[in-house]
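After the structure tokens below, expect a handful of questions from me.
For reference, chains read A, B and C in written order, and residue numbers begin at 1 within each chain.
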Amino acid sequence: MASVDNKDHILRAIQSNVRYDGRKNNEYRPVTIEYGVSWTAEGSAKVSIGDTTIIAGVKLSAGEPYADNPDEGTLMIEAGLLPLSSPLFETGPPGIDAVELARVIDRGIRESHSIDTHALCIKKGEKVWTVTCDICTVNADGNLFDAASLAAMAALKNAVFPEISSDGTVEYKKKTKKSLPLVQCPIAITVWKAGELLCVDPTQGEENVFEARLTITTIEDGSIVAMQKGGEGTLTSDDITRMIDLALEKAQFLRKHL
Amino acid sequence: MTYKKRYDGRDFTELRPMEAKAGVIKQADGSGMFRAGKTTALAAVYGPRELHPKFMQDPTKGILRVTYSMMPFSGAGERVRTGPSRRSKELSMVIQKALQPVVDLKDFPNSVVDVFIELPETDAGSRCASINAASIALADAGITMKDMVAAVSVGRVDDKTVVDLDYQEEAHEEGHVADIPVAVIPSTGEITLLQLDGVCEPSRLKEALAMAVEAAKKINAVQIAALKDKYKKPSAETDASSE
Amino acid sequence: MSQLFVQDKDVVVPGESLAEGMDYLPGPGSYRKGDTIVANRVGLVSVAGRAIKLIPLSGPYMPKRDDVIICKVTDITLNGWRLDTNTPSSAMLSVRDATNTFIVKGSDLTKILQIGDYLVGGVVQVTTQKLIDVTLRGPGLRKLASGQLLKFSPNKFPRIIGRQGSMVSMIKRATNCQIVVGQNGLIWMSGEPAMEVIAVEAIRFIEDNAHTSGVTDRVKKLLESKGLTVPEGEAQDDQPRIERFGADREERGESREGGFGGGERRSFDGPREPRRDFGNRDGGDRRGGFGGNREGGFNRDGGNRDGGERRFERRDSGNGERRFDGERSGGFQGNNSGNSNGGSRFDRPRFERRDNNGSSNGAPNNNNNGSNDNNNAPSDNNASNGSSSDDSQQ
């Protein structure tokens, strides 16, 4: 049973700009980032937005490049909505929500070329680095997109290359001091719509109340690098303009925490 | 071959530094974190709750269901593919059997108490850390348990009997190694998990088990402190009006 | 040689030794292992004479008869509604328990309750398989309007309610919010959004500090620090409760204030022993049940019931305040016909529960709190008074 269920009552709170925990509609819960939480990962971070906590870990491996990109490394983003983190998640392979989460975060990083994949090349045509970032929810209390995006960026920022021997085997136990070639920092912000009102960072209980959401990933120079609309309601173009403005502002806010 | 000094400098009967916390996952009914050296386990308990599918329900009591999983980046070498492996299925089962003897679920017919375990980092002893975290989580969830369960790997490295093997010791190549995970009910010394991997003389096994039972008490003290810590009274509390 | 290892209000964990020796008895939350009494859950020690028990600090809700719980309608069946009670058990509200009016078979039940509606109901009975029967018949039991729902740990219920409902009352009056606390770990509230925020904060504070003392004062300070005033004086008890249901209900009069008069009620009693039914709480004759001058049970000094130690534990029905009206004269008004009344508050005319009759607990004093659960006063006996509950409380 969801802990907060009566939609109109929640909406009323949102409409008066005083949510159940006292925040305003455009306010985030407290944000914390802890780096290096997993000694086995090449890079890792634990991010909390309010009670939502996510751990992201980066692993590197060396393998053959794709035929059509012989001098570029590869990137993979995966996400798991772990049953550990919420009574709503079940065991089993990633469901559609986990897949959507992974793909949205992926899009923001990949299409913006935020990782210089050419710099991941070890030997053209033969060996390149594959960077995999796994996003794991530890406590799911709403706004997973934003928290996952921040966690992924923090883990990538924290990552360093392991040593690689001359025959191409990765020496995981030996870490270099070389960071990943991150050229910019895409941050996803999800804006939620309820009638005329726009809201950010809903708790799990609040999420059910909104008709639609728009996740907007932006980089430092203000360009939009990914978008995803969710929910079964509709958005007007005016909604979208306002949502983008809000997302830009909040992305800068979150980025400061890194 | 002799094993003169442990890789990390510990005494042969010394445990790795431990850390434990209760109530770390708010969405869960109970939760715990247990770290031994560089192995960290997170456990969350959900339940008692309705059990689906129905054919698994037991009308006489609730069932305990454990799901053990490693986060993909928690292995010392390459990334571990997501999804259950044969190893994780086996570990889920032995962990459940290690905890079952202490829990009492007869008040919850047709229900399930789910224990989910995830490890963000490992350095051997993961099933033991998992059991330790899960015990904390079950107690935190208010499940009726006659005692907690504490687990540690004992074993043999070369000519020495040791407690709490780390990865390097498990991988020791210059002599025989035996890795023996043991789970113990601290108040009685009863053993609820016992596995062995490697080569070990029966006489040494007896010695190792005794060391495990001793070590379990120390581990249990850490678990107890984690639970009680959650309820530590604020220092500024006045006692004037009692409720 | 018996020895106690812990003190009252210590936090203990499963497996911890509480006492040694055969002088001590294991109460709820503990068990005997040889000579020792050992804890079997995380809890707060409570020593009462020779009995040691634990007040749980976490754990699932254990449904029991007469509890007041908040439920959500999940399905409509031929006979009523299926409910989600925030427990693994299945719960049903049957049509006949939903309303006082006669419902024609086959009528559209959604007119009364729809899927997704929330309600505050009373537990009529709990089967061995933990199936729960719920009723809406009782003062305050009703479908709930749109409001905020909060989950809390069910063990904290007595703390949130407070002594005679004082804690939740204080929060209600200071924030002007309607608040209904369900024993199953759910709270429904409705008020001005900014006030709800404060009420939630107060409730979470109580939850986090339930194992400490001085909570009432600290909650008061918290409310005052937000600029709210906490009115003095006793509050109206409007916590919903279950009522007795009998063919003669009409004869009984409407007001059911007060619930039980009773002296000090322990506010945080944790898991309860089988309930001693105080019999007709809501008026009605207490023949037998409490008759004339009886020892034990309540102090009968001139009828002033406030204060007075209870000798045995009174079960928390979860209905909030129990008050004795200090002005009444002691005893129950009404005659002692020796017939025990009480019985479940949900007495249905159709079947009688048997108990150790008559003696209404004519049984030795420790049964004074009224009859056992299965006492059943044939409805007509209870009729007579029709007076408000307070009457018979003495």
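Going forward, contacts are C-beta pairs under 8 Å (C-beta built on N, C-alpha and C of every residue); 3 or more make two chains touch, one makes a residue touch a chain.
Being a predicted model, the structure only gives us computed values, none of them experimental.
Peer 1: Write down the chain pair with more C-beta contact pairs when B-C is set against A-C.
Peer 2: More C-beta contacts join the chains of B-C.
Peer 1: Compute the centre of every chain as the mean of its C-alpha atoms, then state which one is farthest from the centre of subunit A.
Peer 2: C
Peer 1: Please compute the C-alpha centroid of subunit A, do the same for subunit B, then give the distance between them in whole Å.
Peer 2: Centre separation, subunit A to subunit B: 31 Å.
Peer 1: State, to the nearest whole Å, the distance from the C-alpha centre of subunit B to the C-alpha centre of subunit C.
Peer 2: 39
Peer 1: State, to the nearest whole Å, the distance from the C-alpha centre of subunit A to the C-alpha centre of subunit C.
Peer 2: 47
Peer 1: Which positions in subunit B touch two or more other chains at once?
Peer 2: Only 49 qualify.
Peer 1: Along subunit B, where are the residues that touch subunit A in the complex?
Peer 2: 25-28, 38, 40, 42-44, 46, 49, 67, 69, 71-79, 82-83, 114, 116-118, 120-123
Peer 1: Using the touch rule from the top, collect the residues of subunit B that touch subunit C in their complex.
Peer 2: Touch residues, subunit B against subunit C: 29-30, 47-51, 59, 62, 102, 104, 107-112, 139-148, 185-187, 220, 223-224, 227-228, 231, 233-234, 237-243.
Peer 1: So in the complex, the part of subunit A that touches subunit C is made up of which residues?
Peer 2: 1, 3-6, 8-10, 12-13, 16, 18-22
Peer 1: Using the touch definition up top, name the residues of subunit C that touch subunit A in the complex.
Peer 2: Counting only subunit C, the residues touching subunit A are 72, 84, 86, 118, 146-151, 186, 190, 193-194, 196-197, 200-201.
Peer 1: Report the residues of subunit A in contact with subunit B in the complex, numbered from low to high.
Peer 2: 37-42, 44, 51, 53, 55, 57-59, 61, 78, 80, 82-87, 91, 93-94, 132, 134, 136, 138-141, 170, 172-173, 204
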